[in-house]
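Shared chain: chain A. Partners: chain B in the first complex, chain C in the second.
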Partner chain A sequence: MARKSNRMSKKKPARAAAHSSSTNGTKTAAAKWVGQPIRRKEESRLVRGRGIFVDDEKMPGMLHIRFIRSSYAHAQISRVDVSKAEKFPGVVCTLTGAEIKKQVQPFIEIGPGGAQKIADYPMAVDKVVFQGEPVAAVVAETRLAAEDAGELVEVDYEPLPAVVSAEDALKDESLLHPAMGTNRNWHGVFEYGDVEKAFKQAAHVVHIGRLHFHRFSSTPLECNVIMANWDPRSGDIEYHCNNTFPSFASQFLAPALGVRIDQIHMKSFDIGGGFGIKITSYPYMAVCALASRKAGGRGVKWVETRIEHMQASAHGNERVFLDTRVALDQNGVILAIDSKHVDDCGGFPRYEPLGCVIWAQVLPATYRLKNIRIDMHQVVTNKCPVGPNRGYSRMQHLWFMERVIDICGQALGIPADAMRVRNYIRKNEMPYKTPNGCVYDSGDYASMLEAAKRLIGWDGWKKKQAAARSERRWVGLGIGSTLDSGTNNFGQARIINPDAPFSGQSKVGIVKLDIYGEVVVSMGSVPQGQGHETAAAQVVADALGITPDLVNVRPGFDTAHNAYTGHTGTYASQFAVTGLTAIHGAAMKLRKELSRLAAWKLEAKEKDLEFGIGAQGPEVRAKGTQKAINYWALANLVNVNNAGMPKSLWDITLNCRHVFHANFEIPDVQRKYGNLTLTYAAQIHAAVVEVDRETFQPKILAYACVDDCGKAVNPRIVEGQVHGASAHGIGAALLENCAYDSDGNLLTATFSDYTPITAMNMPELLYAHMESPSPFTLNGAKGMGEGGAAPVHTICAALQDALYPSGVIIDDSHNTGDSLFHALRKAESGGYAAMVRVEHRTASR
Partner chain B sequence: MNMPDAKKILVRVRVNGKAREAEVEPRTLLVEFLREHLNLTGTHVGCDTSYCGACTVILNGRTVKSCTLFAPMADGGEITTVEGLGIDGKLDAVQEAFAECHGLQCGYCTPGILLSTVQLLEKHPKPTDEQIRKGIAGNTCRCTGYQNIFKSIRMAAAEMEKR
Partner chain C sequence: MYAAPFSYHRAASLEEAVTLLRELGEEARVIAGGQSLIPLMKMRMARPGALVDIHLISGLNGIERSNGELRFGALARHAEIEDSRVASTIPILHDCAAGIADIQVRNQGTIGGSLAEADPSGDWGTALMALETSVICFGPGGERTVPLEAFIKDAYTTVLAHDELISGVHVKLPPKGSGGAHLAFKRTAPVYPTASASVELTLEDHHLCRDARIVLGCVGLTAIRAKEAEVALRGKTLDEKSIRTAVDAARAAADPQSDMRGSADYKRVLVGTLVKRAIGIAARRARGESVPAGHEYAGR
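Showing the complex of A and B:
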């Protein structure tokens, strides 16, 4: 539109019709677009079926790979024979674990000590440790040939006893990784305040038996997909894949494959959901590269099937909470918690044991207690390895804390809402330093709870509940408080392993004017539906005084854009802070360069310039004059028409890169103390649930969510993220479960068994948003999107409320008609009598 | 299983109003036929077992899960895929409503949900909430929690009524 003109506009700037709603250029610094619920840029291609997902793409001469996987959870491999498969028409080559072992180094282990002795190869070498672990692979001209030939691979196993529960793993009777000498791959005690003194002063001590947070996963609708090409000429590896933390993957892949990290090229475009779990696809990325090399440098594509995804990609962390003691004062204010937690990371740690510290970002949850001792363990078991799953590691702990609040409240006869209000951190205590040195930036949990109660009609439901109970109906009301800590400090890895060479947080944004003056943004993030293109365009539009439709944001991630650091990826609820601040910084650098150029060309002072949109598109003009220069002319001056430019302007590139840094210190490793995260978004949910007297099936009667993520950059996207996180949580609480039998067979390896939540069982969500701007970020925004599994806490609370009069204690995060039937039978026989024990010690005070 | 020289079958269909054909192995799934042989990649695969509906297309006026039909079963049929919605690049009412109501996030399930919605609104131009839920019961979305999908369908119905 504007680029055809190379003359400065002499006319009074007129408003182009297409941008009639745009800024008049006089308020370039004000947030005009940030904060607006504008329609996403992404929708246009996606509703046309024009998204570009990895499996939509092909490489010339591309081959297909098929994995042969273990049917056993734990076994020695005594024989692998690929000879028949190799003779199958169309097969180019095969790979076995034993062969791969000679070609690669085992992956880096993050854990210290014995964990360093785990040998994690991309395929099983001499034993398998989970069902579905890849043992061999077939590479063929077509997908069908690879599948057929895969059936001809023969593998003999000698089964070993499977270790399925965390408690059994701790017994060390059957070892997964004999070199480690134990199944416990991490242990540490997190102790703050004076726990014993608090117990001595307590009016009540509540003892709580075993609580269990179940395994579920992200199950994005698009499985893992990888295209790899290891070019024999350059030695470079090209990946087109949907891994969502490319910097982490390449730091694991480069040493394993023996290449320089700059030889790994990675790109994504559209990704069909991720929610964390796609971070852990790097073992398969290694195999695909090795297959490409063996095939003489032809591209290799792997499209994971759903069963493969369910058995052998990654699951969320499972955790048990044992021997919990809670000290409370006479009003139900919690003084101290002492508990033993055992996290179960499956067959290999991989991203773990980072989860053993990440929960500590929310150590006291939303509560004020000062004295805490958590004896934290992590074990390996013969199940699928875990990976970050929406709400990663914090949701397990937050669920535990919410169970503690509700169980103590019930035991002491204090209503769930009053129990929370008495214990919540107060608005006027923000920013609030937690006992372990984290800083909650802002929030008003009590007001959020009030809003949630209003939204759902809490008082009305209380009356309905009383009426329902008189009819012997099981109706319960529940509250769930949760935190979504965002922008993590990688320094917390030092608490896991003092030698871990990570700390801080960074992200890159690049904003440039291309040769014809188009504004082009390269992001350092790996979006999977979160609308990063739109939010980035809003930020850049404000910085330059233009409109988001004039900002061209490159979809997806590409190492070729050079918009990455070692922290680059999409994880830990942070784009609104890290990614957007980087992009804003780059846009402001570009603005400065444009300003210097325009001042020279327009013979004006920089302070007298303004940015906006003129008749010939985006421009810079001299206030109060007719002088203006559009972006085409500015880009032209630098790129193709630069004779005569003064030397003082030669540093201008119009290609501006900015790196965001969070102001973090390295935590005190001895005390396990320090600021682990920059922002704390919160959600408070309320639910009414009824358990059917005939079928024991739980049903949600009403559901309300209140979120506070500081300033919402795009409220439409924020609300959508809350909806999505809520659906994940409701699904997890009532439907979705990675259930294993005692031999380590996954019983829910298809969607028909895992039953992801559908439109038929998703309740209507009542929604409200509050804004407590973060004092620590640009625009006051906080990262959000993971959501902290609020529904898991909320539904468990409501079920507890419904069934407590019948003697049931909700001790598991997953509840179905079947499990509730058994819980009620157990209650009838007094099975929960020993589960919760209350000592009243009022006299001792 | 062992079919390297399997006889190929010619499959002829009309897709989005155009005659298309390809020779395929009889075991080729309809979704593979569309994606791999006709290069219509808007139709996706999510679960392989007919649960998620990412592969939903309209065959002879009815929505089908194209991962659960062999391509030869569609021979002679009339197929609409997401690429066939809208006219001359302009969004139709259903696409427009989804874009306007943020009825999608990652967009992977969207093609299937759009086609289920088209079918739903043909049957029930003024759908009740229950009819909306049932209309997309066979489509899984992992991103939106369905709320904005319900909203999109209501908006599409209202817009289509105006026309």
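Showing the complex of A and C:
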């Protein structure tokens, strides 16, 4: 993966004043460290094998749990017999779903109406709804004993018809959750502008048949790992685990287990990747706690195997797009889109149906489109429940929009780049209010596209493509326009369920000066490899006029740090905004306290003080004098040497906590209107792909990524994130697919079948960064890292371009040599003839 | 991912290994590099009651040229063959070794283990069948030499008796004017190929094909010698027509099954293309050209 960097900084607009007021009136030092590509603080321990992952940890007397899982996708459970397993040497106890049902409340359902009747228990009680669903557990002294005894658990099933596609689910012939009365757990129409009028005025109407966005996952290197201890003395539950949204998990766990939130202690240290997929590990967390309680308060550890992870952790959302109509003017400008979308959330909704609104953060994608109607449905199917997978819910919609752009462009004979430029939101329209009330903070998509074209050598490739086509080669050029919306407003949940009691967004940061003058930061985030410690140190270093190596950032998350709100976790591309603003706020509070202390001790005015590093380390000094006091002395004054301190300074704690609040309103639920997200990072990618005429394998001949996440706090980390997200997207486009057979058996439960992308599949990534600072954030930074599956759109676009002359419409987000071979066969027999239909209302241009 | 219980025995010599196998009975299995067996045991798809570990038997990992043959000890690792100058005299061997799974597997896995496993998708069975290969089997009665085609009986099945194991693999050096290629298409690094093809040609005057061996991998229960495809080339001038006939015959000889690697239809198409390309590269190599070839990966 050789890389070529090409940084293109654009002229920086004046920074908005809105947030600099949150700094206690003390002026921030100039950004010296923010914006620097410094090496990550985390790297040293991670590359030396000194990271601390949950499975590296032990509790005294710790037990091991193994789950017994359903081999059926849909079945009644007629018998569970754990008696033989219980007698196996080393087994301490077992648990069954029926037993657990007596001890817990079902988990909260976010969905309204019938969805409230879904009974989601931590293990299956009387029926299973997906392959791999846990039905029983064995707890033993050793992992090996748990494995061996697990084989002795007997379960009898009466299979039921499996529902494996969204369309079949809508038929309601076989119900997953009979109490809900239907498989459709959410439905709503998102309609903006005047769709019918736009269709009447259209020069062209393009009808597009079924499009399908496939299921894939993130396959973090470290699977779910949970160590739990339910202490019989205090009634508290201690979790050392790698759940990445602990506040969400605890709000689900506390009512289910009947404990107070403050009785749930949760911590993580290093996490081997998450990408959202670990957010919904709370059912397993519940079982581990119950197992610990049953075992008399001994710790219980669960280390998920890869097969378990593939079958029964979480997958990304699958979605079909039906009956799409697109109204365009004579220039190919899209006037309106009307479409029906059916999202498939698998066996239980869990984090869903939030995905039914989260896509609307990017309702018009990067386009000026005003009139849009999406008839949104979500169904349950006999597949693994979904979780918020990197690019969550927006990527499905962005892929749909990019397919619409390319299919319409091809149908009207308008080149892909021109089609986009004509439809893109313009730079001078920023901040741009979308038809549903979201505000795109900044961005210049047309310039990004120009940059991507330059980077890849678009015009040269166009010529090579023409030459290749004359040799009957299938070479295509594609563009993918992607938004990575970050810092979500939880108020959008009200659009899903008006009674949902949450909204807004907040994060906590704590910066303290410890007794000997050490600067210590506690983060309210759950880093999984994003380099939060480094970025936090950069921000604090700037706030205090010191260097990042003097800032001690506590790795990982710990409820004991008390740095959390109900929104705390790492998800939805936001740390650069929410987490760092909270930490900055805390650092500025500390600075103010240090300033007041120093003014007293140095007998100077606060305005005459400056922060920096002196001969004895970090200090505060009186400008133009020899007078200075270092951090040790300042901390000493407050903590251990405070006799004689004036009462006016007694409020100083040097332990400063700041809560970041995003300035959100509750959306208008009736109109489904409001600002759903604070920032919009953008990725414009370009690819050249050749489909081999003899093997049908797509080969990426060139690939360029242009990224704009506003001010990059650490450009090295940003570039790394772009590489990772691009690899993930290329994997999803060409390799990774959670495939089920018609009985609901997962066919890709191992890496031999799921084939997550490897270095051997990666093209060289050409990379450039542009900066359109956000006017709504502290440093102009935007959240990033999800990357919105940009390569999925881009590669599909290139394949479409390559094969359109042969009559193929790329109607699926996942394409392999095999599927393209069959697509070309289908095209030969006219199979795509009905897929796209164009009505020309006026003479073509 | 814990294996079912088993007992572990380390053999210091081939003789001791044979004795152990005999004493432990049918539930015992030989472990060398462990790259097939251990994953199966972890998933409890293989449950041997006993393992006889042979990987520390000395003198079994050599690669040498002797009597017009390349002789591999059974424990020669894929990576050792990949890096071996001796082995590189037959280019097809390097093509094969350099693309087996990923670097970790190549560092551990052995040529003998791969052949004894007889996985229908294993690369060695395919590549070595394109050459004149004998498998040296060591048992209670000493050594016997079995031609590779007779050695592999069926998917995961060889002629090895329970108390017998591979001690070496001998490959006859091809005559002058020969060249070969092993091509495989893989989705990602660690997985088995979707299809593979090995071709070894002997040319006269650069274009007349005196002899040809064409072997298909991953498209049947064992590696398949496409003998009609060989006939289409043998004694013929290598040209578009003869190659097309050979490719068509090779496609007809394939017997693929649909799975997550690809549909049967597609694999048949793919294996034909691999044969065609392997013929082209084998011919160029036979003419003395140095041509890189081997495994190809999805996406690039």
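Heads up, the rule we're going with is that the second predicted complex is superposed on the first by the 814 of 845 C-alpha atoms of A that agree within 3 Å, B and C clash if a C-alpha of one lies under 4 Å from a C-alpha of the other, contacts with A are read in each partner's own complex, and residues count from 1 in each chain.
Note that in this section contacts are C-beta pairs under 8 Å (C-beta built on N, C-alpha and C of every residue); 3 or more make two chains touch, one makes a residue touch a chain.
What you are looking at is a predicted structure, and each value in this text was computed from that prediction instead of being measured.
Peer 1: Who does A:Ser752 touch here: chain B (first), chain C (second), both, or neither?
Peer 2: In the superposed model, A:Ser752 contacts both chain B and chain C.
Peer 1: After lining up the shared chain so the two structures overlap, which partner does A:Leu735 touch, if you call chain B first and chain C second: first, second, both or neither?
Peer 2: In the superposed model, A:Leu735 contacts chain C only, not chain B.
Peer 1: Is A:Pro364 touching the first partner chain B, the second partner chain C, both, or neither of them?
Peer 2: Neither partner.
Peer 1: For A:Thr816, select first, second, both or neither according to whether it touches chain B, chain C, the two together, or no partner.
Peer 2: After superposing on A, A:Thr816 lies in contact with chain C but is clear of chain B.
Peer 1: Applying the touch criterion given at the start, work out whether A:Glu694 contacts chain B, chain C, both or neither, answering first, second, both or neither.
Peer 2: Second partner only, chain C.
Peer 1: After lining up the shared chain so the two structures overlap, which partner does A:Asp148 touch, if you call chain B first and chain C second: first, second, both or neither?
Peer 2: So A:Asp148 meets both chain B and chain C here.
Peer 1: Have a look at where A:Pro385 lands relative to chain B and chain C in the superposition and call it first, second, both or neither.
Peer 2: In the superposition, A:Pro385 contacts neither chain B nor chain C.
Peer 1: Tell me which partner touches more residues of chain A in the superposed arrangement, chain B or chain C.
Peer 2: Touching more of chain A: B.
Peer 1: Residues on chain A in contact with chain B in one complex and with chain C in the other?
Peer 2: 144, 148, 151, 305-307, 751-752, 756, 758-760, 762
Peer 1: Given the complex with chain A, which residues does chain B contribute to the contact?
Peer 2: Going by the criterion above, the answer is residues 1-5, 25, 27, 35, 40-49, 51-52, 54, 81-83, 85-86, 89, 91, 95-96, 98-100, 102, 104-111, 114, 132-134, 136-137, 139-150.
Peer 1: In their shared complex, at which residues does chain C touch chain A?
Peer 2: 1-2, 4-5, 43-44, 102, 185-192, 260, 262-263, 265-266, 269-270, 273-274, 276-277, 296-300
Peer 1: Can you check the complex and tell me which residues of chain A touch chain C?
Peer 2: Per the stated touch rule, the residues are 143-144, 147-148, 151, 305-307, 694-700, 730, 734-735, 739, 747-748, 751-753, 755-763, 816-818, 821-822.
Peer 1: Sort out for me which residues of chain A touch chain B in the complex.
Peer 2: It comes out as residues 39-40, 42-51, 53, 55-56, 88-90, 144-145, 148, 151, 218-223, 270-273, 275, 305-307, 528-531, 716-717, 719-720, 723-728, 750-752, 756, 758-760, 762, 764-765, 767.
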